Structure formats: structure tokens, C-alpha cells
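Below are structures written as C-alpha cells.
Two complexes come next, and they have one chain in common, chain A, joined by chain B in the first and chain C in the second.
After this line comes the complex of A and B, so read on.
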């Protein structure tokens, strides 16, 4: 019993640690992008300032919204936080609470609420963003499930912490490399990064994830952004722990992952909306090949 | 010069002067001549490429006759907006016009208010409730997306109403003219010299084009020719303005697809050019250089060297950008076949500038008219035939390299020009004249009429964006809504230019 409590405690601490560092990772991605464009860029701490700024500002609600509108950011943030406690990371105790399927659908729950809220204010941009978000997530989901299947075939378990790359065995395999590339592609789509979505744009007509947040302000907005930053670091942690077949400390993997996202976002522009299925189809094929190779 | 006709003869005249569409409509506008003891009139100018001039007719409405005529939109589709504007401004009704909704004066104006009539005071204050019905498509599963007039970026107001079937655009209706400033009314009764700073500020990006067309018109009335040195400087500044705008567009189009390195490089190059403009004219928007009769300032040897240095630098930068564009497969995929304007559409709508030339319609005032020193520069219009976003981008790149060469030649011409006179005195007389110049966005036409005291009686400005705006609503059909910002940016249409 005591060991279980310690495990849960350690997981909670990990969630908080990831929460604290999440805005920093987002800041690093933005800094890398700025430097690659020969701009000086904002400080890597800018995302902390932004979160504080939104937190202090008043929250404006239109009279046409329901309770969903207030509930959604909270659910979105909490699901990201719960996901952060589940990923196999730095602090994992004897017992693991992180089942892969629960992890995937916890995040899906957050997304579900965000799409509901996007329609709640009944603005055209919100509805457009919501419908596109569902379109992308429908394509992302099978890819993520396949990515998890590879590891559960290899390690005979669906518990996330038991899927962590075992560096003692043969870990640098074709299957691992394919899965690594594919998971990275899926990660970009899942976190609304280029080339699937453009996190920096002000053009409402092109937005996916940002389109859903247009009606938000103040604390609710800061919760959504914090949730998004958290999701990036959660995916980078998962990516590092499960899919990067190189034996270096996890923190460095996360950092490297952030830098690579920055580079990829600089090298790419946003693709046509209907090409996203080709992109995610490619990732799915990679993962199928990885399973066959396994 | 213009043939005077009665309203009944307008259809035959339109048919004759448009010459089956080979002579594009340059401008169509009304004028209140009641102060001269006459009635209202509609002026209609067509371009005549064979004589490098314009020709047309003037429809006069006798004071006692009804203010209506047969709409010529069915013969000359490009006339649709002009007829609506004349209807708003003068209350002259085009019978049988397919779409006679208000164009300039929206809901906040009263019915029966015609601001360009002389009986209306320039500072008249009105409030009203006109009807305005935005066009939408109806059907099961269709929905509307209203965008604007307030936009997310720092741009001017315009309302777009998309009728959507999922992501696909079925129809787009644009409601513009939100910030119409009544400049044409405001300059009435001013001398050309007093009006110049106002005309110069019609648009931030076309100061040279607007002032040059305006001054050409005034100089035509007075009947003077401008000193050679002034002509060279005017041409040089025009090309500098074009380079600045085109480079700005090269940095702006990739913003429609989030192609970050190109956005940054384009922005950096544009800033260099704007600083060059400031070094040349003392103003980042090249204001205050062109005056009626010539130019207000000279370009000395030191400045010539500075211009050469910056242009060389920018030439390299544009080459980098163009390589970046062609090597980025994902970018090419976005811009090719997106937002197509067919050649027939371009000709029918009498499109101008980059938008026309990207659809294989070689319309360029620099070769179609004789002004400045373009005839000595062997200028040829640069065209592409695809009519998509990629074609408009390539036309800009092609025109940039032509402009870089022209700037080089113009600087040589300037340093070997012995003529030192910069401008001539003008003695204003009664008369009317027109001027045309090719701005970065296309041909820019001004009509000026002076009264006996040398004061402006009527100014009409047809900027390059005016004939191209209606084309945007055609270009988006068949595309999906997330491609709209890209298509819009590829035309780079100006709100201020039409809100004159």
C-alpha cells in the first residue's frame, strides 16, 4: 500500500514538474524559430509572461454561451495535466498508473470538450476550427494507436512505463527508427504545429486549433494555452522515453525534440488542408511497416 | 476630344468604343455640370492601344430630362462597379443593371443623398438607414461565414461573406468602401497645388503613381511639357516604388501559408527599400517629390551611388527569395492552381496590373501609353498564362528583375543628363485632362477638370485596385476557404485606393 502511495505521489510530482517546465519548452521552440529566421526573438521565458498576463486579465463571456464554454478549458487543462502524470518520465515508482489506452483517450476527452466549446459561442470561425480539429484527430488517432501497439508487441504490455526503451536489449532496430520518425510526424499534427496547423498565424480562415480559442480571454485563455504547452512537453517526454532509440538522458531528448520542432517549423510551410490525410497516411504506413519489422 | 451623346445612344456608343472588348474600359464617372448651366454628365473612357491614348464619349443629361440611361454592363462587364458608384454619388439610374445595390454608401447613409452633386456641401452631416443586402447562397447544408470588416491583422476594413459547402467556397460577396473619405469632393475648389498633398495620401503604397497621374492631367490642361531631368527622376521613383511594393508582396504572400523564412527575408528587404526611399525623398512613402510641372528635388551623385548599392543588395536578396520559393515543394503545392483567373475573365473585367498579366493579358501602361522615359527603356510587359497564385508571384519576380535593370539604366541617364531644370511654372487655365501611370498594382488613371479660376471642379481617381477587386470574388470560386488569405494576398488589393 505504501509503495502504491509513493508511486502515485511520484507521478503527481512529475505532473507538476512538467507543468512548470512546459512554457519553457514552448519558449525554446519559438526562440529556435526566431533565430533560424535571423530574428532576435522573444525571451525563452515569454510564455510564462504571457500566461501571467492572461491570468490577470478579465474574462469576457458572450451572453450566448453555456456552461460548456467555461468547463471546456478546465477539462482541457486537467486532461493535459493528468496525461503529464501518466507519461513514463523521470519519476516512476513501483506501480504505474499509466495505461497507454487511458492516456490516449484522456487526451481525446480534452479535445472533445474543446470542440464542443468551439461550437458553443456559435461563431463561424469556432465551428470551422472545431470541424477541422475533428478531421485531423480522426486521422491522428489510428496512427497513435499503432505507435502504441508497436511497443506493446515488443514489451508485452500496454502500461506506458513498461514500454520505455530497454537499452540493454537490441534497441536500435529498423522498427524503432521507423516508429521514431512516424511518431514525430504524428506529434506535430497532434500539437497543431506546422506543417499541419500554424500556431503563429492571425489568419482566422486558416486556423485549426487557434480557431477554437478565438472567443476565449483572461483566465480561460491562459488555461487553454497552458494545456497546449503541457501537451507539447508530454508528447516530447513520451517521444523521448518510448521512441528515441539513443541512450541519452531524457531531459536532453526533450530539449533536442523542441529544437527539432523549431527547425521543422522553419523549413516547412502549412500544407493544403486536404493534404493532411496524405501526411498522416504516410505516418500510418511507416508505423505499419514498423510493426511488420517488429 | 470626347464625343458628346444623348442617353439614348449610350448602348451603340459603348459597343463602338469598346471595339468588341479589344479596347478595355479605363474609367466611367459622373460629373455635375449644373453650375455651368448644364445638367449632369457621364464620362466614359476606353483605352486605345493603337494610338497609345484613351478615347470615349460623354453622356449629357439635359437639366429637364430624367436621370436614367440603359446600363452598359451587359456589353462592357467592367462597367458594373462604375455604374453603381455613379448611381450612389449622383443618383443617375442605369436601367437594367444586374446588381444595383449600393456600392459606396452603406446602411448609415440616407436614401436620396448624392454626395458628389454640387448642391451637397463638403461637410454635410447625414445619418440614415439605407437597405443593403449581402449576397448569399441558400440550400440544405450550406452555411455562411462572415469575415470582417474588422480583421485580425492590422489592415483596412472590408466585409467578406462566404457561402460555403463544407470547406469549399460556393460564392463570395465583398462589401467594401467602409472608410470612403470623399477625397474627390474634398479637393473641389482647391488649386492643383493645394490638392496635391491630399491626392498623394490616397494610398500609402502608391504615392508616386497617384501624384504622377494627377500631375500629368494638370500638365495636359496647361499644355506644358516637363523638363527631361524631371521625367527621368519621376520614372526612377516610380520604379523604386514598384520594387518596394513587389518585394513587400514577396514577403507577404508566404504569410498566407506560414512560410516563415520567406516572410522574414521579404520583410527585411522591404525595410531596406523603405529606408532607401527615405534617403532619396525624406519620406518612407516617397511623398513630396512629384509636383505639377516637374519634381521638387534633385538626385545627386552621392545619392545615385547609394541607390545602386541598396538595389544591388536587394537584387541578391530577391534572388535568394526566388530560389527559396522554387525549392520549397510544399510551397509550390500551395500556390499552383490556387485562385485561378482565366484570361477571358481578366479581359472582360478589364483587369490591370499583376492580376491581368498573370492571366496572359499583357496590359501595362508603361508600354500601352507614352509617358515618362519608358519608351527609351525598351520596356516589354512580363506575362504568365496560368492565372493562379504562382503566376502572380512569378510575374512579380519577373517584373522586379526588369525594374532592377531599368533603375540601372535610369541612373546612368540621370548622371549623363545635362539638363538641370527640375520643374516649370504652370499658369492654370480652364480645361480638362487625364493622366495615367502604372503603379505597382496596375494602371492608375486620374481625370482632372479645372474651372476658369484654375480651381479643381472635378477629380476622378481610378486606382489599380478598382477593376481588380471584383476579380477576387471570381478567383476564389472552386477553392477552399483556408486558401482565401493566400489568394487575397496574391492580388494585394488596396482598400484605401478605392476609399478615395
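After this line comes the complex of A and C, so read on.
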């Protein structure tokens, strides 16, 4: 029992650590993008400032909204934070309260409430964002399931901490490299990054995640942004710990991952919405090959 | 044990309300529902008692002449499911049934009892004859219940379609019983277990049994009756049909698989698994395209029965490959998901009934903003929708997690690439199904309950009377209770499979499964505690700016203002519609859905202004178009071919008789 409590305590501390560094990683991605576009760009700490700014501002609610609208950002933030306590990384031990499937479904809880809230403000933009979010998530899900399957076959468990790359065995294999590429593609789609979604614009033709959040302001908006920064760092941690077959410290992997996201976002345009099917199909095929090569 | 027999008598008493005089029809209705609640409660109690304190021997054993009743743990599990769901839907029906006052309400209440009686009788039957009689009774009574609103043309055609389909299924089941019974020399279930069927005939028996029970549980491509029958029936009847009757088919199939046919042949399980997986994905895909609330739920039943059968098939495959210990997790997954689906689909059909009762339509495109008019119904529907999207803290995820674990275990333990490809297919299908189900219920809930009213039918919406809320509320509480403390249900369900192998999945900590040596844990209680801890901090922070009641009293941090709409005041028609919401998915899977669109200009005086358009969208069921229509065409063609030799002239028929005589005579001479 004591071991259990310690383990849960460590998980919570890890969640907080990731929460503290999450805006920094988002800031690094933006800085890399700015530099590659030959701009000076905002400070890497800009996201902290933004969150503080929104936190102080007033929340404007439309008269059509219900409790769901207020509940959704809170649930979304909480699911990201709980996901952050679950990823195998710095402090989590062998014991974890949920496995990889639960990790996926906890994030789905956040998505459920965010897409619901998008329909609550009674506007076209929100519904458009929610509808597209569902579309992308349907295509992402099989790839994520296969990504779990490959490590679960390799390490005979679906617990995230058991699925961490075992550096004592042969870890740099064809299947590991394929899985690494595929998971990177999935990560971009899951976190609403280019080429699937454009995190920088509010234009209705391009937006998915931003469309859903269009009606939010004040503290609720800052919770949503904090939640999505957290989701990026959580996925980067997962990517580093489970799928990057290189034996270097995890923190460096996360930083490298952030830089690569910045580079990829600079090199790519936003893809047409119905081309996403092909993009994620490619990720699924990579994973399929990886499992067969395993 | 006595409780079960008494409950059968109480159901019979409830059935007698049919013959009550018309002037006390409301009293008859109350009496009928009271009987149903009482008897279902007794069924649930005695089976729960049997499952909690497992003893050797039967829950019930009795016989009269050639009819016999007996119930083992497998029956007891389904009796519990029937009793629980039956009691809660009957409570709901106390108030819901009243809307049929003056519309043969006595018949409705009486048949309701008879329906429950026939379901319990199917589960209790101890020989093939009793089973078939009870099964037929169940089919006939449910046909009458579906046909209750016989004034509507659609209802009648749905009911007859159901009747025809279900009898094809019964015929297949009878063939299976006959094959097994004739090989074992007796039709009692105990003797039928020792049949000597092998080879080809065993396969035939399996196919017939699977055909019959898959049809009753609505697996694709035999599902076509289901999305028509459920919307036609009164809502509490749909709740019981979807929540319980479909599971009775699983009971029957399990009886065949465990007891009569065995699970030694690999491809038997493989077929069950593949049919289940395909049904799961296609079912939820069609559900996401529908706008009729009850049709959405009906297709979602196809999906969930698909998941249940996929898990069951996975167990059969494992068993046939001698993974006799780990296969228990798959069977447990199937049974747990059956329990949880009976609760959540019962709940959602009841809330669909509540919405219909309230606004008078099933079309979600006409609704919107119901959460403000009927807050409790909205809360229960939210819980049901979350469960059907298999989200954490609901019973939906328990079944889903066990299903995923069983497939993962199959992949971990099976070395061959073919099996791996199979599991890859299963994971892709389950992944697609899970995400689409989430989209489906977001769409349903978001369109009907959130946003603004789309038409004025919402104006008259109101909250439901107390018994309807009680029925829904009890199911919602059970869903969350199982979701937070799954170990009680899971451990109980495992008792059923103690004969195959003893494993322990449920612990006070949560669910633990380690089929391949290393353990995976799902501990909803602890995750919920972590959630609650974080929620405490976040709510304290957010509460200061956003009041939950929506009042603006808490300081200057909240303002209310109209939704931003590029500078114009938004109208309620500018909200995203349900059809629009599923458009990207419709496009992504248009190869399967093949939507038919048509756009007509009714009035077009100017190119861009004052136009009146008529847009029609139809998504035909792929199996209706590509399987049933050709079969129908074939039947019509062949009967018109026979038509040619049936001219109706007496001379011709005498000629036929003569030719037949001559052929027979020649035959006799030659042999």
C-alpha cells in the first residue's frame, strides 16, 4: 500500500513537472519556426505570458451555452494532466494505474467534452471544428491502436512503463524505425499540428482545434491552451520513451522532438482536409509493416 | 430457487391485465407494471444470490413431462441481466406507458409481462423443445409489441420484416438443435452435451446455430430488421429488446459453443470474430449517418453486439489454440460488455422515449438546447452517451478494455504472422469503431441537447415525470458504479467460466490482467481520485471567474454577450446540423456508404438570392442494396419462371398428372 501511495505521489509530481515545462516546449517549437522563417520571433517564454494574460481577462459567455461549455475546458485540462501523470518518463515506476489503452481513452474523454462544447455555442465555426476533429480522430485511432500493439507484442504487456524501449536488447531494428516514423506522423495529427491542422490561424477554412475554441475567452481559454501544450509534451515524452530507438536521455529526446516539429511545420503546408485520410493511412501502413517485421 | 418459479407466476398474473375491463385500464396498467417490477426484481435477486455464493448444482431444476427447466451459472448471468434491466425499464414504463392511455394500454402492459416471461423462460429452459417454444413465444410477443402502433404504415412493415427475419433465424436454430439432438438421442440439454457429432455435420450445426443467433442479435449482414423494428416499437419495448433480447441470442450461442458443439475448431471462432468486427465498425458508421434518434441507437446496438461477438470469437479462437487459461478474459469481456450494453442502451432508449414524449419527434435535426428544458434527462443521457463512447469511469470502458486486452493477449501469444495480421485487422476495426462511436454520440448529444432550439417543437419540451426519471437514473447510477468499481461485476462474471479455467481479474484496486506474464492494470477508482484531486484545484481557480449557475454575480470576470458571427446576429439555423457534422466521415468512407444526393431548385429567380432549394440525401444500407435486393429479385424471377407452367387451365394440370404417372411407372419398371 505504501509503495502504491509513493508511486501515485511520484506520478503526480511528474504531472506537475510536465505541466510547468509544457509552455516552454510550445515556446521552443514557435521559436524554431520563427528562426527558420528568418524572424526573430517571440521569446520562448511567450506562452507563459499568454496564459497569464488570458487568466486575468474576463470570460465572455454566450447566452446559448450550458454547463457543458464551462465544464469542457476543465475536463480537457484535467485529462491532459492525468495523461501526464501516466506517461512513462522521469518519475513513474513499474506501477501505473492505467495502461496504454486507458491513456488513449482518457484523452478521448477530453476530446468528447471539447467537441461537445464546440456545438454548445450555437455557431457554425464551432460545429465545423468539432466535426473535423472527430473526422481526424477516427482516422488517427487505428494508427494509435497499432502503435500500442507493436510495443505490447515486443514487451508482452500493455502497461506503458513496461513498453519503454529496453536498451539491453536489440532496440535499433527496422520495425522500431518504422514505428518511430509512424508515431511521429500520428503525433502531429493528434496534437493538431501542420500538416493536418494549423495551430496559428483562426481562418475557418483551415482550423480544426482552433475552431472549437473560438468562443472561449478568459480563464477557460487559458485552461484549454495549457491543456493542449501539456498534450504536446506528453506525446513527446511518450514518443521519446517508447518509440525513438536511440539511447540518449529522455529530456534531450523531448527537446529534439520539439525542434523537429518546428522544422516539419516550416517545411509543410496545411494539407487539404480530405487528404488527411491518405496521410494517416500511410502512418497505419508503416505500423502494419512494423508489426509484421517485428 | 423458489423465487424463480414464483416470479414466473407473477409475470403470468401481470399478463392477465389484458382481459381487465376497459374502464379500469389505467389500474390494469399499474398492476401490470407492478408485477413486472416485482418479478424482475425477484429474478435479479435469486440469480445474483446464486452468482455471489457459487455452490455446486443448479440454480433451478424442474420438469413437467417433456418440458424441463434448469439454470446453471451461464443462465444465471443472463437472468441477472434480464432481471435488472427488466425492473428498471418497468419502473420507467409506469409513467411512459400512460401515454398509451386509450390506445390499447392493457394489451401493452400484459404483453410486456409476457415478453419478460418468455425471455426468462428461454434462459431457464433445460431442453430443446422448451427452448424453441419459449424462443417462439419471445419472437411472437416482441412482434406484437413492435406492431403496437399498427396505425402507422411504417410500423406494420417493420414488424412484418422482423417477423420474417426472426423466423428464418428460428428455422436455422431448429436445424441445429435437430442435428445435435438426433446424434445424442435426446433433446435435454444435459444429454445433448454428449453428442457424437463430428466432421461435416458438426460444421453444419455450427453454421446453423451461428446464423440463427447472429440474426437475433443483429449482426451484419443479418441486421436489416433491427434499425426498422426498434424505432417502430414503443420506447420501453425498444429498451428491452435492445438491452435484453439481443443478449438472449448471445446466451443461446454460448450454450451451443460451450456445451453442444465445443470450441475445438479454429475457423468457427474466426468466423464469429470477423463477423463481429465488421458489424462493429459498419454498425457505428451507419449510426453516425442517421438523424432518427432511435435508428442511431439501433445501429449502435449492431455495433455493440459486434464487439461482444468479436470478444467471444476471440475467446473461441484462443480456446481452439489451447490457450485455455487466457481465453477466459475474452469470454469475460463479452459477458461484461453484454451487461454494460444492456444498461447503457436501455438508458439511451429510455431517454429517446423521454425526448419523443417531450417534443414529439425522433428527428434530432429539429431539436437543440434540450439540456435547458430537461436537465435531468440531459444528465442521464450524457452518462449513457459517455458509456457508449466507452469513456473512463463508465461501464463502457470496462468491457472495451477487457476486449482490447484479450486481442492484445492473442497477439502476444500467437507467433504466426497470419494470426498477427488477424489481430492487426481487429485492432484497426476496434480503433475505428471506438473513435466513430465517440463521434456518433457527440453528434447525437450535441445536436439534440446543446446549442439553440432549431425549430419551435422544442418550446413545449418539459422535464419527465418521476418514475421515468427514476428508471433512467437507476441505470445511470449502475453504469457509473460499475465504471468506478468494476471488480465486483468482473469477479462475478468469472464464476461463470470457472469450469474453463480459474483466473482472477478483479481486485479491490481495479482490474489486473497479465495473460503474458507482465501485468496491466486499470484502476478507475484511483484515476478518479487523481481526477478529483486536480478538479478541486482547478474548480477553485475557475469558480472565481465562472459561476456554474450561469449567474453573473461573481465579480467582473464574466460577461454575457451574443456569439460572434462576423458582425451579424446568428440565427439558430446557422448552427451545424447533424447531417453536416457527419459530412467529413461520410466523405472519408463514401466507398462503403455510397450516399445518394439530389439537389433541386424549387425557385430560382435570382442567381444567389431568394433561392429555394430541396436537398435530399439518402444513405442506403449496403447489405440491403447488394444482398437482399438481389435475393428478392431472384425470388421474383424464379417465381415468374414457375408462373409459366402454371397457366391455370385444368387440362394442363391433368396433363401434368399424366406425365408424372408415366414417369413413375417407367421408374418402377426400370428399377
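Everything below uses one rule, namely that the second predicted complex is superposed on the first by the 292 of 294 C-alpha atoms of A that agree within 3 Å, B and C clash if a C-alpha of one lies under 4 Å from a C-alpha of the other, contacts with A are read in each partner's own complex, and residues count from 1 in each chain.
The criterion applied here is as follows: contacts are C-beta pairs under 8 Å (C-beta built on N, C-alpha and C of every residue); 3 or more make two chains touch, one makes a residue touch a chain.
Owing to the predicted nature of the structure, the values given are computational and were not obtained by experimental measurement.
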For A:38, decide between first (touching chain B), second (touching chain C), both and neither.
-> first
Chain B versus chain C as contact partner of A:78, first or second or both or neither | second
When the two structures are overlaid on chain A, which partner does A:194 contact: first (chain B), second (chain C), both, or neither?
-> first
Go through the superposed model and pick first if A:260 touches only chain B, second if only chain C, both, or neither.
-> neither
Contacts of A:124 with chain B and chain C, given as first, second, both or neither = both
On chain A, which partner's contacts cover more residues, chain B's or chain C's?
-> C
Regarding the shared-chain residue A:181, is it in contact with chain B (first), chain C (second), both, or neither?
-> neither
So, does A:271 touch the first partner chain B, the second partner chain C, both, or neither?
-> first
Chain B and chain C contact sites that coincide on chain A, given as residue numbers | 124, 128, 273-274
Inside the complex, what are the residues of chain A that reach chain B?
-> 33, 36-39, 124-125, 128, 194-195, 198, 200-206, 265-266, 268-275
Using the touch definition up top, name the residues of chain B that touch chain A in the complex.
-> 143-147, 152-153, 167, 254-261, 263-264, 268, 328, 330-331, 333-334, 480-485
Partner chain C, residues of chain A touching it in the complex | 4, 8, 11-12, 58-64, 66-68, 70, 74, 77-78, 81-82, 85, 95-99, 101-102, 105-106, 108-109, 111-112, 115-116, 118-124, 126-128, 130-132, 134-135, 137-146, 148-149, 152-153, 155-159, 162, 214-215, 218-220, 223, 273-274, 277, 284, 288, 291-292
Counting only contacts in the complex, chain C reaches chain A at residues 368-369, 371-372, 382, 386, 389-392, 397, 400-401, 404-405, 408, 411-412, 417, 420-421, 423-424, 427-428, 430-432, 434-436, 438-439, 441-443, 445-447, 450-452, 509-510, 514, 516-523, 526-527, 530-531, 533-535, 538-539, 541-542, 545-546, 548, 550, 556-565, 570, 572, 574-576, 580-585, 587-588
